[in-house]
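Shared chain: subunit A. Partners: subunit B in the first complex, subunit C in the second.
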Partner chain A sequence: MRWYVALGFLAPALGLYILFVLYPTLRGMSYSFTDFSGVGEAQYVGLTNYQRILTDTQAVAAIRNTLVYAIIVVIAQNILGLALAVWMGNMPRVRNFARVALFTPSMLSAVVVAFIWSYLYSPLGGVLNAVLDVFGLGILKRVWLGDSSVALLAIAVVSIWMFTGQTAAIYLTNYLGISQEIRESATLEGANAWQRFFYVEFPLLAPATTICVTLTLISSLRVFDLPFLLTKGGPGNATEVLGLAIFQAAFTNQQFGYGAALAVVLTLFVIMVAVLQSSVLRKRESNL
Partner chain B sequence: MKSHQSSRVFEMKVFSALTIGAAAVVVIGGVQAQNEQVTLRVAGFGAAGSVAAIKIIDAQFMQKNPNIKVDFEEVAGFQYQSILNTRFVAGDAPDVVMSNGVDFAKPWLKAGYLSELTDQPWVKNVINGNRTETYLGTNKAYQFVIENAGVGLFYNKQILDDAGIAIPQNYPQFIAAMTKLKSAGKTPISIGAKIGWGALMPVATGIVSTAYRTNPNYDQRLLNGQAKFDSPEWRTVLQRVVDWSKAGFFDAKMSLGIGDFEQAAGEFIAGRAAFLVHGSWNVDALRDSKTNKFAYGFMPFPGNPAGTKSRAIIFANANFVVNAKAKQPEASRKYLNFWADNIDTYLKETGGRYSSLTTSKYREVETAEFGRALSENRASVYPVGNWDRPSFQEFFMKQMQQLLTDNNVDSVVKALDTEFNRK
Partner chain C sequence: MVKTRMQRPHSPSKAVPWLHYANTAALIAVVIFFLLPIFFMILVAFKTTEEMANSPFSLPLSLNFSNFLTALQRLDFLRLITNTIVITIISSVLTVLLSSLAAYPIARVRTKWMNGVYQLFLIGLTLPFFVVLLPLYLLARDLGLLGTIPGIVFVYTAFNLPFAIFFTAGFISAIPIELEEAASIDGSTPLSTFRYIILPLLRPANATVAMFIALSVWNDLLLPLLFFNRNEQRTIMPGVYTVVGEFSTPYNELFGAALLASLPLFIFYLILQRQIIAGVSAGSVKG
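Our next item is the complex of A and B:
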């Protein structure tokens, strides 16, 4: 095929991509070097916005919290998702029901989920504290979204609750694809259930692991909705994350230039981490 | 000669006929234009419970001006500014646009989106307390302040009466009242600080009844560096919140998990707390509440020393500006004038709102004490909103959460000074 024919086929999609993705991205990057407020003229300010990120306690806290949140969510969601997939894989009778039930929370709107969980977590007659009381665990009661030592974890739990079913569904598809003969031969070789899982099944789940880790990592690095809806980044900066800091800078404080600089940092952050983990996991896949 | 004369007469006739015809076209056209239906586009954020009242005023306006149809669009609150910014930039902003104190309108004015309103009849009646919002720091008027909201102290008269407590008029009396309530097993005060606003209000109302009481130009002193947060006056009002927490008047840790608005106010409205430092707009909810069966009042927060009078906080909660590129500039001005003439109707339909005009006669029963402070000129504009630092309130609220977490006044005042002076 001649190059101009190929270009002709590519042109519509490429044009849309340039118009709606590439141009706004580059324009946004250019705003990060200005004092643009959203309306009126933008003045070039060089690297001032980037320098400010280094001295802004809110931005520094946002970077730290985003990393901590991503680590918690990626690890917990994948371990739980994997465990649930294995359980469903070995329970054919309840598999379909369990898969749908676990998947349902991810189909709910984040606003609805945040509304429900804010009542579960509420210090005024909240369900979670009441349940702890019933089981004699009153000592564990907390102001879940108002205590800076647990607030970020509390938000992470909501996210994990929402999306573990989705992760489990991906692992399950891969798990059910593992040949029964491989499992049987491992059993014949004398492997117990744990050994079979760790030395046979888990390595064979590498493709699903790559997908699940990549998806959870990217979505947790750019988290915005749950902290925004549940805590607005508080108490103090305890649940401030980069997505929220960008929103607050650009849309609450009307500092689009600074918000754009934070967005550039987040983009670089996501690209760097995603490329790094993806290359490690892909290498693991190629060893299969 | 005769033929020349008759030709001249003919010309005159034709000229006269054309002139009369043209005049008739202009007159008929004018009448048609007058009767022509125009649509006036208005956008607003619907400040707490006010949309119903806005619609009543709009209906009355349309009844009086049958050729103007008001198309009011309520735009989502938390994205209001972004949405309107986009529309202004795109040249698609409505004719009349609602704005808040000064944060929304100042960038719009700077970008040339606002129409000057100095010659409008209501401008001369604007109270001194709203000149900042009306003039936006210039010598020309650009905003019509629809309503002021107040921040002060709600008290449950039933609980106070049962405990034999008189309504406190100064800070020592307020502390004595809370101490007595605590001893009687009542919840003295409801504070929600999930975003920090609810904890900031006792501080803002406190500083107004102390530093601003003795120096009404305190804002200017802060702005030009003569006053700072690391000072006895700010330390005192911040320490008060810590002291309330230590005395058990409220649970600081728990307040961080309680919503600043509906949840904290809800505790008071349900009759479970004696005091609430909050916005006057709660009068709406208190009127509508089915659970509220108690007498209550709203007054300036008694943060003042004994022997002095407290001060009220007001701030322009909602204003109207006219788009410089309004498709209906005359109808827009007519609309604002109608609002100015009928502002008392709006105030009656809402609750806990105060006019920006000296011509307003409406006095609310439930908030009479607060209204009296305004009449006696014992009021300051909400300090944080008057510092021309749009992001500072967010920062201050987070610092209040930090204060409730670690009780460290010292680190809070230092952080506030650093942020306030950030270039």
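Our next item is the complex of A and C:
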């Protein structure tokens, strides 16, 4: 294929991609060095926006909350997804039903999921507090989304509920691909179920682990929908995350330059994850 | 030692049948526990406001459809669904077409600059959407695309291209090249080779890409919220959010609207569940 023919095939996609993805990305990065407000002229202000992040309590809270949220979601969702996948892997008769059912929440829109959980968490006739009453645990009752000590965790639980089925489905595909001979020979060597899992199966699940940890990490660093719908960052800054802070800076406070600086910080986090993924987790795979 | 091949593989408790049944029952119990939030939504959607004020665990006394009717009246449902379907179809067709065209040389031409182009597209897979959100909004405003269907279609297409090209190029690489070589000896131009040999073989890959775009467009909130000022132009989920979500709507009406808005997609999921789950799990493990 000659180069100009190849370029002809590429041109429509490349044109749209450069115009609507690459160009806005670069323009956004350049805004982070200005005081642009969305209209009028942008003044170059150097690193002022980045310095402001360090002293802005809302932004510092957003960075801290984003990292805490990501750690909770990545650990809980992967352990839960892996456990469910292994369990389903050993139950061939109900496997498909379980996989489809667990996957269902991730097919719902975040809008619908937020409606459901604001009802479950509601202080007025909400299900969760009613369940605690039934079990005589009324002392644990809370305004789940209005209590700054648990609100972020409450949102993490919603996200884990929504996406654990996807994580489990990825682990399950990998698990079912492990050859039966390997399992049998481990059993013949006298390994019990736990030993077989930790020394034989888990190392062979490295490809799924890489992809699941990376996907959950990147998507939880980018989190926006659920805090936006459930708490708008409150109470105080308890559920303020970077995605929300960027949105508020740009569209609520008309500080495009500052919002762009926050966006660059978020991008750096995601790039760090991508680099880490290719070096650490892929190395584990190549040890197979 | 004789291998017991006849026994069901994968079941560690095969020696003790009742243990296996208990284990199965426990798994089903966990799955049902997982689905409880959705059951509560359905339950409440059929309750009257008085019934809702009783216990959250009580069953509705009769099948009461008034919450759905209220939602239909308040939402201009037909219009929102039509918008969503139109935007979904145009975005899917455009993405499938552009990504198939671009994936063809990416999969077949092995030069340095072609690899560079591929890497350029792959950057888009890790880019957080928020980085682009503000300048994208300004760009759309300057081009007069805010509040228009072409505007939002271009954005959905451009942002789905990286994943679509990645997926389709992988698919083309697995097609044997001999067919194309024979066609080119017979005097077929690259475009007609693509049109008559490659494109028909890409149907499964194209279907997967279209399916994911349908899911993401249907469930998206942020982009239509920013792009469309007037609610009657929006897609279904932002429509539901602005009409019933922002005010203190009672939960039974909220869930009536949410169920109606989710129903088409839920049917889509039930029909295509095998392909959707396989697409999510297999595609990513190989990547």
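Things to note:
Everything below uses one rule, namely that the second predicted complex is superposed on the first by the 272 of 288 C-alpha atoms of A that agree within 3 Å, B and C clash if a C-alpha of one lies under 4 Å from a C-alpha of the other, contacts with A are read in each partner's own complex, and residues count from 1 in each chain.
As a working rule, contacts are C-beta pairs under 8 Å (C-beta built on N, C-alpha and C of every residue); 3 or more make two chains touch, one makes a residue touch a chain.
Computed from a prediction, not measured in an experiment: that's the story for all the values here.
After overlaying the two complexes on the shared chain, residue contacts for A:Val143 are found with subunit B alone; subunit C is out of touch. Residue contacts after overlaying the shared chain place A:Gln248 against subunit B, while subunit C stays out of touching range.
In the superposition on chain A, A:Met88 makes contact with subunit C only, not with subunit B. In the superposition on chain A, A:Gly234 makes contact with subunit B only, while subunit C stays out of contact range.
In the superposed model, more residues of subunit A are touched by C than by the other of subunit B and subunit C. By the touch criterion defined above, A:Gln58 reaches subunit B but does not reach subunit C.
Common to the subunit B and subunit C interfaces on subunit A are residues 38, 122, 251.
On subunit A, the positions that touch subunit B within their shared complex are 37-41, 57-58, 121-124, 143-148, 231-237, 248-249, 251-255. By the touch criterion stated above, subunit A contacts subunit C in their complex at residues 1, 3, 5-6, 9-10, 12-14, 16-17, 19-25, 27-29, 31, 38, 84, 87-94, 97-105, 107-112, 114-117, 119-120, 122, 125-127, 130, 161, 164-166, 169-170, 172-174, 180, 183-184, 188, 193, 207-208, 211, 215, 218, 221-222, 224-225, 229, 242-243, 246-247, 250-251, 256, 259-260, 263-264, 266-267, 270-271, 274. Residue ranges of subunit B in contact with subunit A, taken from their complex: 79, 81-82, 85, 88-89, 103, 107-108, 110-111, 113, 193-196, 253-258, 263, 267, 390-391, 394-395, 397-399, 401-402, 404-405, 415.
Subunit C makes touch with subunit A in their complex at residues 1, 3, 8-12, 23-24, 27-28, 30-31, 34-35, 37-38, 40-41, 44, 52-53, 55-57, 98-99, 101-102, 104-106, 108-109, 111, 113-114, 117, 120-121, 123-124, 126-136, 138-139, 154-155, 157-159, 161-162, 165, 190, 194, 215, 218-219, 221-222, 226, 237-238, 240-241, 245, 251, 254-255, 258, 261-262, 265-266, 269, 273, 276-278, 280-282, 284-285, 287.
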